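Starting off with a structure, shown below.
Just so it is clear, A, B, C and D label the chains in written order, and each chain counts residues from 1 on its own.
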Amino acid sequence: MIEMKQVFKKYPGGSKALQGLNVSIAQGEFVYVVGPSGAGKSTFIKMLYAEERASAGKVLVNQVDVTKLSARKVPFLRRQLGVVFQDYKLLPKKSVYENVAYALEVIEKDQKFIKQRVTEVLKLVGLATKAKRFPHELSGGEQQRVAIARAIVNQPKIVIADEPTGNLDPTTTWEVMKVLEAINAQGTTVIMATHNREVVDGMRHRVVRIEKGRIVSDRAGGDYDGY
Amino acid sequence: MIEMKQVFKKYPGGSKALQGLNVSIAQGEFVYVVGPSGAGKSTFIKMLYAEERASAGKVLVNQVDVTKLSARKVPFLRRQLGVVFQDYKLLPKKSVYENVAYALEVIEKDQKFIKQRVTEVLKLVGLATKAKRFPHELSGGEQQRVAIARAIVNQPKIVIADEPTGNLDPTTTWEVMKVLEAINAQGTTVIMATHNREVVDGMRHRVVRIEKGRIVSDRAGGDYDGY
Amino acid sequence: MMAIKTWIRHLRDSFISIWRNRWMSLASVGAVTVTLLLVGVFVALILNVNKIASDFEKDVEVKVLIDTTMKETKALALAQKVKKLPDVAEVRYSSKEDELQKVIDDFGEDLSLVDQENPLHNVLYVKATEPQKTADVARQIDALKGTSEVLYGKGKIDKFFQMVDTTRTIGLVFIVALVLMAVFLISNTIKLTIAARQHEIEIMKLVGATNNYVRVPFMLEGMWLGLFGAVLPIIAVAAGYMSLYERLSPIVQNEVFSFLEPTNFLLRLSVILLAMGVVIGIFGSAMSIRKYLAVK
Amino acid sequence: MMAIKTWIRHLRDSFISIWRNRWMSLASVGAVTVTLLLVGVFVALILNVNKIASDFEKDVEVKVLIDTTMKETKALALAQKVKKLPDVAEVRYSSKEDELQKVIDDFGEDLSLVDQENPLHNVLYVKATEPQKTADVARQIDALKGTSEVLYGKGKIDKFFQMVDTTRTIGLVFIVALVLMAVFLISNTIKLTIAARQHEIEIMKLVGATNNYVRVPFMLEGMWLGLFGAVLPIIAVAAGYMSLYERLSPIVQNEVFSFLEPTNFLLRLSVILLAMGVVIGIFGSAMSIRKYLAVK
């Protein structure tokens, strides 16, 4: 389903974020990506939806090599994925509702369906009453939950979340994790970069640890520190 | 030092973020502010440096009522505080070095002093090698540490940090906490909104819990859940 | 190609976006308005100057002095003959008495006191179909019997034609330059408003929008900005021109020139201004957005 | 008030900012360039048209027909007398032979064949110090002995003066309108570039910068944008005007009008363009930034 082979990424500035990363993730898996700040977790994730292109190596998503994907086809790759960005990336001039709806509008869903589905997802993340707010009128955690809602709204086969609980209190974190568990139980692949030891240790799944651009440990049902 | 009396905050949209908040923090204290997402922690903090003005009540910082402070005097209030914003608020067109230096430039420090002090602080947060990078060329946790460096660079009497470790791994979190402990030991007041149970429980200080815009518990040396 | 519901969405988004960015929208519309006003006013001015220059040019005529020996009836026959020559547009006969009156008008009454026979010729004034053919016509007439002299100010007229031509060329250069400047200013403004929204465009692409899906609402927005920006200039230029035309036309009605007739002229000018606003709005948006659409 | 090191910092920041926002800076400079070019070219044009109109106006003269009985020497004495009248600037004597030659030039040789005494008058051509005093002067001369008739085209001249005045007024209106438009377009562009950086301004304020500390680099930046934007128009207008002046002046050197002499005129125009760029740049920035400086 997802496979990376000897992936290197060197940013224009010169920093080597990925240095020969190999990993393979099957459909339906739930994978935590952990590691120190600046280890390359976000870069690894950005490879998958082509926000950044690999300097060398192969990145296969659903049998397609993302590194060779033409610019025209990138949007169609992204529609198969739901991404929670580390910095949320909400559209500042669109309301909460519109932000979430946008992901369905680009795939030309019907207005009626959009309305129903967006309302449903907003309820799921506890923001039903804030649909008409604009991002700058929300608390940090609320913004983060909008980003999560947008990522899952079109029921993608793969959900990629970069530090999706950094601004959430333990209770809300737990609710969001239950949502991710639920969609994973329905067969969705979930890849989640996180620093939250409590989550990783409390809800056991495969843990991939990245350090200095390389995978240093990878074990199913492991804990945050790699045991 | 810091005192709030019956503070209410109603945002233009109509949401009531603070509903009669009373608190008093002495010089040199270390206070965690905890509570669920959307409880009003950031709003509480924004009152202190006048990013938002209270709808009613008194906010005293160093004997000055912030709610009545004229626009001209606000910058001088802010110079006495070091603030880590929840969304970092780094200047996108300034390098890491320049972002941190800016807080010293506005108080018209000498170039030589600035250079020495900024270098020192960047080393403290582990970013000495990334001084010339721009914010968008940093990882999430690196950006967060730049924000922390900027907040402490002018050795303010009060440091206010809104969720300063949300994007940091446990190790880096621990290093940052040690920095905050150290400046607190030197007599600086530290007020920190956080969701990190590990931190709150592991490094005991006064814990103020906000829920629905009110303080629901306030105990010295308490743990995250208010015991 | 694109579903109707998608078009409706784009249309809705373009309006919402103009409203939510109303501060910037207003600035853009303002810039378009001022620029098109400039274009409208100067184009109207320049085209009228050109028209007037051409009117003067068309007024150039050949003066044919008829043999003093020729009788008036024969002279009129000659006029008919001249009229039939190729490239001759108009022939006007002026008797020697008329001519004397002119001399008197110009040089004082004392000439009329001269108590002798009128020494002047009967005269034909001839206009060529095109001013540039004046010299040709003069030569042909000179070859006819009964003409004692053919005057048309040789060198002077060439110089005059040259001046009119220069005026016209300069006018056209000005119009082209103005239009180019307008294109630059308007698309530049639109570029700035779009640059300010670069971040939004990137996000749209990151959540799976195709280039077209991102581009269309921006292009529609550019279209509206151009359209709204064209309205005021059109009204102002039309109203201003009509009022000036009505005030100035009576004053110059006995002169050899006249101003461009408003109805037709204003209609065309309005269409041009509107088209400029809309086209530059659409393409300005499309161009400016391109660099932000490139996938990294 | 502000320390020198702070000024140096602001200066440095303004340059750095222009460079880091080079894309927007270029767009702004481009807009300023085009706008000032427009102003420069049209101001040069309009001022020359006004100059030419005035030249024509100054060419208006009174034609005094001297009694045929008066001898030439006496006529010259009369000329001296007229010269001393108030408001008279210039007196030119033209003998009746000269006058006859003119008639012949205008109406064909046949008049010269008239084998009788020249029926024309000796003539004085008189210019008033100011064209508007022509009527006065004419009246005074009429009162003198020895003048048989004083011609100055009464109604016609008034109409001509009126036309010249209208031209001049329209010219001034155009210049004022152009300048206002330029002010709007330039400050509008600067407004857009600053609006795009609203977020930065807010952050600066949040970390303790005073309004002035935030404002000054932006104002300096505006100044540079205006300054850089004025360079090209100044060069283009100066070079263009000088080359046109050199090419056209010989052609019109025998006419009653001439163009504005370049040295002085261009110097002033350049100063004006530069001042416009710089002043609008500075104040445009200062104005646009104001609303983002308001503390919440």
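We adopt the following convention: a residue touches a chain if its C-beta (ideal position, glycine included) is under 8 Å from a C-beta of that chain, and two chains touch if they have at least 3 such contacts.
Listed by chain with UniProt protein names: A, B = Cell division ATP-binding protein FtsE.
Keep in mind the model is a prediction, meaning the values are calculated, not measured.
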Query: Using direct touches as single steps, what is the fewest number of steps from subunit C over to subunit D?
result: 1
Far-end chain from subunit D, centres as C-alpha averages: A
Field: For subunit A paired with subunit C, centre-to-centre distance based on mean C-alpha positions, whole Å
entry: 61
Query: What is the distance in Å between the mean C-alpha positions of subunit A and subunit B?
result: 28
Field: For subunit B paired with subunit C, centre-to-centre distance based on mean C-alpha positions, whole Å
entry: 66
Residues within subunit A bordering two or more other chains: none
- line: Multi-partner residues in subunit C (2 or more other chains touched) are none
Message: How are the chains arranged in terms of who touches whom: line, ring, star, complete or other?
response: ring
Query: For each chain, which other chains does it touch, given as pairs?
result: A-B, A-C, B-D, C-D
Query: Which part of subunit B faces subunit D closely enough to touch in the complex?
result: 49-53, 71-72, 74-76, 78-79, 83, 85, 89-93, 102-103, 105-108, 110-111, 150
Task: Would you mind writing out the residues of subunit C in touch with subunit A in their complex?
output: 3, 5-6, 9, 17, 20-21, 199-200, 202-211, 213, 294-296
Task: State the interface residues of subunit C toward subunit D in the complex, per the touch definition above.
output: 23-24, 27-28, 30-31, 34-35, 37-38, 41-42, 65, 68, 99, 103, 106-111, 113-114, 116, 119-121, 148-149, 151, 177-178, 181, 184-185, 188-189, 191-193, 195-196
Message: For a test of understanding, state which residues of subunit B touch subunit A in their complex under the given definition.
response: 11, 13, 15, 34-38, 41-42, 86-87, 133, 137-142, 145, 162-163, 166-173, 195, 197-198, 224
